[in-house]
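Just below is one structure, and these are the notes that go with it.
Each chain carries a letter (A, B, C and D) given by its place in the written order, and its residues are counted from 1.
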Amino acid sequence: MPTLKLAPALNVSTWLNTNQRISLESLRGKVVLLEAFQMLCPGCVSHALPQAKRVRDLFSPDDIAVIGLHSVFEHHSAQGSEEALKAFLHEYRITFPVAIDAQSAQGGLPQTMSAYQMQGTPTTIVIDREGRLRKHKFGAEQDLTLGAEIMSLIGEKNLPLQTASIEKQDENCTDAGCQIPNH
Amino acid sequence: MPTLKLAPALNVSTWLNTNQRISLESLRGKVVLLEAFQMLCPGCVSHALPQAKRVRDLFSPDDIAVIGLHSVFEHHSAQGSEEALKAFLHEYRITFPVAIDAQSAQGGLPQTMSAYQMQGTPTTIVIDREGRLRKHKFGAEQDLTLGAEIMSLIGEKNLPLQTASIEKQDENCTDAGCQIPNH
Amino acid sequence: MPTLKLAPALNVSTWLNTNQRISLESLRGKVVLLEAFQMLCPGCVSHALPQAKRVRDLFSPDDIAVIGLHSVFEHHSAQGSEEALKAFLHEYRITFPVAIDAQSAQGGLPQTMSAYQMQGTPTTIVIDREGRLRKHKFGAEQDLTLGAEIMSLIGEKNLPLQTASIEKQDENCTDAGCQIPNH
Amino acid sequence: MPTLKLAPALNVSTWLNTNQRISLESLRGKVVLLEAFQMLCPGCVSHALPQAKRVRDLFSPDDIAVIGLHSVFEHHSAQGSEEALKAFLHEYRITFPVAIDAQSAQGGLPQTMSAYQMQGTPTTIVIDREGRLRKHKFGAEQDLTLGAEIMSLIGEKNLPLQTASIEKQDENCTDAGCQIPNH
C-alpha cells in the first residue's frame, strides 16, 4: 500500500506580506496551497496567481493557507531583488504571504524548488492537513479541478491512501509557463 | 436545528440523450447537478452549459449525475419543440441527459421550474446523495466555488446540518441570464 | 489586370429589424458588411455576431451598412422559422437588419449562400461602395483585421485593383463554425 | 480651421531590439504606433502590449512602425534597469523596438512621457505619415477601433483637417492601467 510523504520544508530567504516566518509545521491542521511563480513568467501572471487569489477569496483562512513561493531560476538580476518583487506584489494586488525561495550557494535552482523537484513555474502544490504532499502540477490547472481537490482535502478526517503524483504538463509550455531548460 | 428538505421531484415531458426516464429517487447515492436552461438564453449558452460539461468531464459518473433541465418560460414557439432542442444539443455537443420541463396546463412557468421556485435561467441546482436540495443559484457561479461545493457533497458521509439557501444574483442580469418577468 | 466582380444579389424571403426590403443596389455608396450565420451555430453566436455588433457601434451608418444573413442549411425545423429567429434576435439584442436567406425550391443550400459559394457559417462578406465583393472569409476573423479592411474600403475613392479572394479557414472548424458537409 | 501639431520628439536613454537609435523624423512616410508602458503595469501586460504585437503582425513594416516606450514613473528600482526590461521583453516575446524613456534630472516623469502630457500607462499614441500626432489614448482601446484608425492613416494622401484629441479614460483605472498620482 503506497504511503504519502511529508512535503519538503520551505527554504526561504525572506517573507513578504507577513510579519513572521512561516513553516509548514506551523500550518498543520490546515490545507496549504503553495503557488511557485516568477514575476516575469507570463503563465504565472495571467493564470496561476489570479487563481491563487480566487482560492484565498473563496475558502476560510481556518481551512487553507495560501502561500506564494517566488522561485527565481532565470533573469536573477531582473526579478531577483526583494524590491522588484514588492513592487510586483503591489501592482498585482497580491496580499497573501509570499516566500522568496532561497538561492543555492552553488547556483542552480533555488532550494525549495529543488527539494520539490519542480519542473518550472507556475507549479501548484497542495499539502494536506497533516503536512503531506498531495498535488504537484506544473502549468495551468482548471479552477473546477483545483476547487474540488482542495475541498476534498479540507474534508479529510482519516488517513488517505493515494500517493501524490507529479503531473507533467502535456502541451508545449512556451506560452503557459517557464520550464527549466533541459528538464 | 434547521433541517434539509428533499429536492422536489422532476416533472418531465420528454427525456433526451438517455434511453430511460430518470427520477431523483433513482439517483440516490449520487450527487446531482441539475442545470436549468433555455436554448436561447445567452448566459446559459456562454457560461452555465459549458460549466456543466466541465463538471461531467471532471467527476466520476459514480459520484455525480449531471442533468440538463430545459425550462422554457418564454419564446415557446422558438425553443419549445423537442426538435429544436435536439438540434441545439447536437450543435453544442451536449451529451448528458436533458429533461424537457413539463409545461403547465394553465400556462405560466413549467412545472419543475415552478416547484423549485426558480427565478429564471440559468439556475444551478445541486442535490446531495440523500436527495436533499443543497444549492440553488440563479445566474453565473464560479468554477472554483462549484467544484468545491460538489466535492464537499461527494465526500459527505454524515447528515449535514446546514440548510439550502436560495442565492439571488446581485448584479443586473440582462447579459448573464433570463429572469422571469416581474419576479 | 484583375477586375473586381459585383457581389451577387441578395435573395431574401423575409427581412427582420427593418420596415423595408433592402437591395445591394440601394446601398451603393456605402460599404456593406454581410454576416452570414445560423442561430444554432456556436461560432456565429460566440464570435461573428458580437463582432458585427461592434462594427455597427463603431462606424457611421453613413459609411457602412451592417446586415445579418440567416442562411439555414441544416436543422431547418429548429432554426428555419421566422418566429425562432425573431426570438433569437431579441435575446441576443441584435438590432441591425437581418435577411432570411431564401430556401431553394430543390432543397440544398439557401439561394444567397449558394450564389456566394459560401462554405458554411459564419461567413463574413464585405462589399465596397461600388457594390463589388472585396472580402469573403469563412470562420473567425480578428477584430484588428476587419477594422482595418473596412476602414480601407471606407476611404476608397478610386477603383481598386486587387481581386477578392476566398480565404479558407485553416484550422479544424468544428468548434468555430458549421461547415457545409462534404464541402 | 484647426491644424495638426507635430508629435513631440522621443527622448530616449537606450534603445532595445534595434541596432540603431530611431527618431520620429526618420520614420516620416510611415504611420507610427507608439505604445507607452511599464513592465509592472497590469493593463499594459494583459492588453496594450499584446495589441501592439497584433498590430505589428497585421500591417506591413513599410506602412507602420511599432515602437514600445518604457516610461517608468514609479517603482524605479524594480523596473527601471535595462536588464530587467530585457528579461521582460524576452519572456513576453516582444520583438519590436523598445525605447527607454529618458528620466528627468529633476526627478518626476520621464521626459517623453512629460512632453506628450501622458496621464499614465498604457498610453497609445498614433502618429501620421507626416509626423503629426493623431491619437492619444490612456487606457485600453478596442482592436476594431485601433485597426480602423491605423488603416485610415495608412490610406491618407492629403492633409487631414481634424485635430488630435486626448481621450480621457472614463472608467476607474485601477485594474486597467497605472495612472500618474494626482493627475
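As a convention for this text, contacts are C-beta pairs under 8 Å (C-beta built on N, C-alpha and C of every residue); 3 or more make two chains touch, one makes a residue touch a chain.
Quick caveat, the model's predicted, so the values are computed rather than measured.
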Touch-network distance, chain A to chain C, counted in steps: 2
Size of the rotation, in steps of 5 degrees, that lays the CA trace of chain C over chain D: 180
Centre-to-centre distance between chain C and chain B (centres being mean Cα positions), rounded to whole Å: 35
Distance from chain D to chain B - Cα centre to Cα centre, in angstrom: 49
Multi-partner residues of chain B (at least 2 other chains): none
Contact graph of the chains (line, ring, star, complete, other): ring
Footprint of chain B on chain C - complex, ascending: 40-42, 45-46, 74-75, 77-79, 81, 83-88, 90-92, 178
Footprint of chain B on chain A - complex, ascending: 51, 54-55, 58-59, 142-152, 154-156
